[in-house]
Amino acid sequence: MWEWQVVWDSLPALWKGLQVTLQATFWGILLAMSLGLIFAIIRRVSPGVVRLPLIGVLEFIRSTPLLVQLFFLFYVLPNYGITLSGFETGVVALGVHFSTYTAEVYRAGIESVPRGQWEASTALSISPVQKWTRIVLPQAIPSVIPALGNYLVAMLKEAPLLSAVTVVDVLGEAQRICSRDFNCLEPYTMAGVLFLAISIPASFLARRLETRFGPTTA
Amino acid sequence: GDDDDDDGGGGGSTLEKAQEDGVITIGFANEAPYGFADSSGEATGEAPTVAKAILAELGINEVVSVVVPFGNLIPGLEAGRFDIIAAGMFINPGRCEQILFSDPDYCVPQAFGVEAGNPMGIMTFDDIAANPDIKVGIPTGGVEDQYARDAGATDDQITNFDTLQDAGDALAAGRVDAIAATSLAIQAELERLGDDGLEATPGFDVVIDGKPASGCGGFGFRKSDDDLHKAFNDKLIALKDSDGIRPLVEEFGFDDEVDAAKGRTAEELCTE
Amino acid sequence: MFTESVIERLADGVWITIQLAVMAGAVGTAAAIVSGLAGLSSSRAVRWANQVYVDFFRGSSAIIQLYWAYYALPIIDRDLTFSPLQVGVVVLGLNMGGYGSEIVRGAVQSVSRGQYEASTALSIGGYQRMRYIIFPQAVLSMLPPYGNLLIEMLKGTALVSLITLADLTRVGLDLRQAGDLSSASAFTALLVIYFFLAISITFIVRRAERFARRSMGLEA
Amino acid sequence: MAQQQLEHVADLVQTGTTQGETIVRFERVRKAFGDLVVLDDLDFEVKAGEKLVIIGPSGSGKTTILRVLMTLERPDAGGVWVDGDYLFRVEKRGRLQRASERHVARVRTKIGMVFQHFNLFPHMSAHDNVAFAPNKVLGIPKGEAKDRAKALLESVGLGDKLDEKPSRLSGGQKQRVAIARALAMEPKVMLFDEVTSALDPELVGEVLNVLRELAHNTSMTMLLVTHEMGFAREIGDRVVMFDGGRVVEEAPPEELFSNPREERTKQFLHAVLDRT
Amino acid sequence: MAQQQLEHVADLVQTGTTQGETIVRFERVRKAFGDLVVLDDLDFEVKAGEKLVIIGPSGSGKTTILRVLMTLERPDAGGVWVDGDYLFRVEKRGRLQRASERHVARVRTKIGMVFQHFNLFPHMSAHDNVAFAPNKVLGIPKGEAKDRAKALLESVGLGDKLDEKPSRLSGGQKQRVAIARALAMEPKVMLFDEVTSALDPELVGEVLNVLRELAHNTSMTMLLVTHEMGFAREIGDRVVMFDGGRVVEEAPPEELFSNPREERTKQFLHAVLDRT
């Protein structure tokens, strides 16, 4: 029933798929980290008319399934003239979805910067931009690195969903093999194993970050 | 204790059990006009309708249906997720290695859905292979996937979709230049899309090793269920012989396609 | 568009999703408690086994687990053919348990030492101490993260649409494929309904929180 | 709180030991936290019915003695003997061996403790705080346990607070609930660790009243760690002065307070009495 | 820290105001937090070069005055005038109007503040703490800003701590860095809010030395809130006694400390001087 030959035959394709998964995760991480930071800052500096709708939108994105969001971006946006490829859709969906989590993490980090730091910045006439980039964020970000790390691992775990919008990632390759060659046990199992081989060290690393940077405030 | 019957281990064959309980599960792929869910979620289309008629004759009056992405039909059958594939699945040697097929109940040519005016001049799979810029959308696991690759199209050119509808949406969105399926399915999909900017290419028979390969579809069974397969096939042959299929499936746009399957058998298609 | 039959089918999908969420939530809660307490066990073997469970489910992808349990498991042994609902409940539940484990463990550890000591002084030990003294107090600090976890699990239920279960997402996809709903209305409807379900969870958890606070005498 | 109610406590508390026999004995008990030796080959005895007051500077190991007796800490060496049994050991063929958890649990029921920070169960009413352990641990039927708890709470002047959660009680009320809770288990020996030092000064009196009542009108063995020197003098049969994990001096209170023999005791008393 | 080094501070500090002119004026300034009125129609003035000491009981609004001047709080009513400009308002056609953030920012540069809890930037070295704002805000070229920062840190006796992060400095050292940091912006008015009260007693002296040096040898205007009465007496030109958000009494230090006129002042001085 279990045929090693199938395993060997499918490994190259699965490995290719895994690279696609990792690439999508990588770009998704970049997007989530920067977008989350922007959201967190907007939340802090903007007036209520901007902040409240923003909070609502973030809450909405965070509490609805990534899978449906993927479908939405992939199948509905073209109606409005925005046609992203499956891969682009995946990166945008992962990035935006997880930016709602990273925004919370950054927010906790920003709130953990003592009031005195803001006041000293004012007393020294430091401009708002400098205050954020040189005083507040350099203090806020190190304390949130462990919490960020956890979400980045979570993101890696969600990345196989991209196969639902035609991205031939590790799961997509497994599906391909399963439906073309009718061997399903080995490719799905190996997809899972390959995935664990990446994600377990990643979560181990995230845990190391936690011990390195102390308990998280998020 | 009763559960023991479910696993088919000790409690007789799938056929016996289905006849005893009066119920069986079929799998289909939500692809009009072959098998699809109507507005109420009920399975309808060519294959479920024919299957229900034959199963009723076998004394099985209740049919439970499961929607599965096309590519998961055979894995799902083998995993015991359902007992019959009623999706108008083409009979070909690769699939015959995995499962048993009934004789075909229809044969149909291939076609593409393309942008109106067919600007890239796509008429056959060879045309796709000849132009690396062309991207074609194909449901995962469809024979078209094999046809395209046999013609020499690369993985980069082929995008697999869970369903033909997803591929159709991608065509409308300009993500792919063509979608490939049977001419009937393309017709149905273009109807669903209702987009004047799209059209169907004329139907054509795929040529393999110099011989035109027919696209003939039938019903799929697990290899271990040969009694169910035989009982079903006998009734199907009788129905074909008595011209009983056409009236059942006319409403789905089938006419000549049914006649085209006359005299054709699973055996010959499996060794073609 | 949203004809009566479409709404009926969406309602059926919501019902399946709710059933799935409730059952997976129950499995997940039980798994979280068992695993959280196992993580505090004095036995090294129990702790180690628990860590394997937690790492596996936190480390691997739910969607791959679902595919594997649905398509691959029956190939290993036909007796392991579970219905999509069973697969969904177990996979989503165990995943939830993997995350919930840390919540339970953290909350139990946050109960003050004095409570353990007072219990010992009254000869309340082992199971009784956990059941009647420590755990009820830990529940309060568990609830907020538990609420978030439930929402994560609810979102996860959408994945079962990929293993043929006619949940809300599947119904939305089918309606769209059948041409009853446009992509835009189908997916918008799904997002709105999921959001509504998530808000309901938040609401229920808040109520539970208030109840717990009250029973701790923290709120009138 | 009427005096009449308080006398009631005595009626509710019975101890099954003969007055005057040794009930607690520490034999060369040693306990260290890391490098810090907290109990340094400590020897001392308590007689049944005795009211023993323990005093000494901060960090001298007073709390640790009580915690060892309550089985909250395990000594590194030496023996602790309670009412006929060794606490963490059993005698087998003339040799002391590590005891099973079951043995420790059995000996533990002879001892009750009241903590500085009350450690009431916050999710239970005062009534349930007191009735819970007798019901679940001693197996007294629920109704009976509740009745006894009610009587105990009334006897410490809290008959009207039965259904309150601890968060709605004052510190003095909490500590009285905690005393009732410990008494409900009918221990032979009760340990009190600075039970008034976390209280607002004006609430100290109501707790001392209960302790006084217990001291004067019951035959219960009591070990009290306290900085309330006046109170120690009033109720103590004997005062033990501790320092560096050892007994520096012990004597009846009049003697030790008026006429300490050791320099260290004089110093300590000077500092403490000056402060108040 | 050698006396020689300290005198150096004065050379580094220049102020561009004429001695004796009014530089800060509060006009009927009112500030409330919710129902609590903290500044109650406050009027008072500071002259250029003056060393003004502000005393008063806790909660009297001393910190709030400094925070309003530093633009960390906005008054509810009244006007604050600094060196020719209103702080939160501008005069337009004879009427005061709400000022733009730009105007506030410009006036703000005239004022520097040293906080009770230092508020150093923990991720920057001492050197960068001092050089950062001159470079980024005043636009002084980086090299020059660094050189001046170095000179300032040397002048407060920290020439050997340039590259240390704040977490590796003692409280007294931190506060000296904070003073250097504020001086580096060359404010006309410096505010000191109990800058020694978070320090270990033995570190207070080194900070007071720096303040003394600034007070005696520069023409900088200084407002100091302090409880160090001896120091206030030594360096203050004038002492203002505050209570309930109003000036109770003001006078030169010898006069106010030896011979207070108001009952409230007597009371306060009595309490404070007794305590130390």
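Going in written order, the chains are labelled A, B, C, D and E, and every chain counts its residues from 1.
By our rule, a residue touches a chain if its C-beta (ideal position, glycine included) is under 8 Å from a C-beta of that chain, and two chains touch if they have at least 3 such contacts.
Quick caveat: nothing in here was measured; it's all calculated off a predicted structure.
Novice: Enumerate, in label order, the chains that touch chain A and chain E alike.
Specialist: Chains that touch both chain A and chain E, as defined above, do not exist here.
Novice: Farthest chain from chain A, going by the mean of C-alpha atoms per chain?
Specialist: Centre of mass proxy via C-alpha means gives D as farthest from chain A.
Novice: Select the chain at the greatest separation from chain C, using centres from the mean of Cα atoms.
Specialist: The chain farthest from chain C, judged by C-alpha centres, is E.
Novice: Measuring from the mean C-alpha position of chain A to the mean C-alpha position of chain B, what distance in angstrom results?
Specialist: 38
Novice: Which integer distance in Å separates the CA centroid of chain A from that of chain C?
Specialist: About 21 Å separates the centre of chain A from that of chain C.
Novice: Could you work out how far the Cα centre of chain C sits from that of chain E, in whole Å?
Specialist: 57
Novice: Compute the distance, rounded to whole Å, between the mean C-alpha positions of chain B and chain D.
Specialist: Distance between chain centres: 83 Å.
Novice: Chain A: which residues touch two or more other chains?
Specialist: Residue numbers touching two or more other chains: 75, 164, 175, 178, 184.
Novice: Note the residues in chain B that touch 2 or more other chains, in rising order.
Specialist: 72, 75, 78-79, 166, 169 - these are the residues of chain B that touch more than one other chain.
Novice: Scan chain C for residues touching two or more other chains and write them down.
Specialist: 71-72, 75, 162, 176, 183
Novice: Going by the touch rule stated at the top, which chains touch which?
Specialist: A-B, A-C, A-E, B-C, C-D
Novice: Which residues of chain E touch chain A in their complex?
Specialist: 70-72, 105, 108-109, 111-113, 115, 117-123, 132-133, 136-137, 181-182, 185
Novice: List the residues on chain C that touch chain A in their complex, please.
Specialist: Within the complex, chain C contacts chain A at residues 55-56, 58-65, 67-68, 71-72, 75-76, 151, 154-159, 161-162, 169, 172-173, 176, 183-184, 187-188, 190-191, 194-195, 198-199, 202.
Novice: Spell out the residues on chain C that touch chain B in their complex, using ranges where they run on.
Specialist: Touching chain B from chain C are residues 3, 5-6, 8-9, 12, 70-75, 78-79, 81, 84, 162, 164, 166, 170-171, 174, 176-180, 183.
Novice: In the complex, go through chain C and note every residue touching chain D.
Specialist: 112, 114-115, 117-118, 120-125, 128, 132-133, 136-137, 215-218
Novice: Once bound in the complex, which stretches of chain A touch chain C?
Specialist: 1-2, 60, 62-69, 71-72, 75-76, 79, 153, 157-161, 163-164, 171, 174-175, 178, 184-185, 188-189, 191-192, 195-196, 199-200, 202-203
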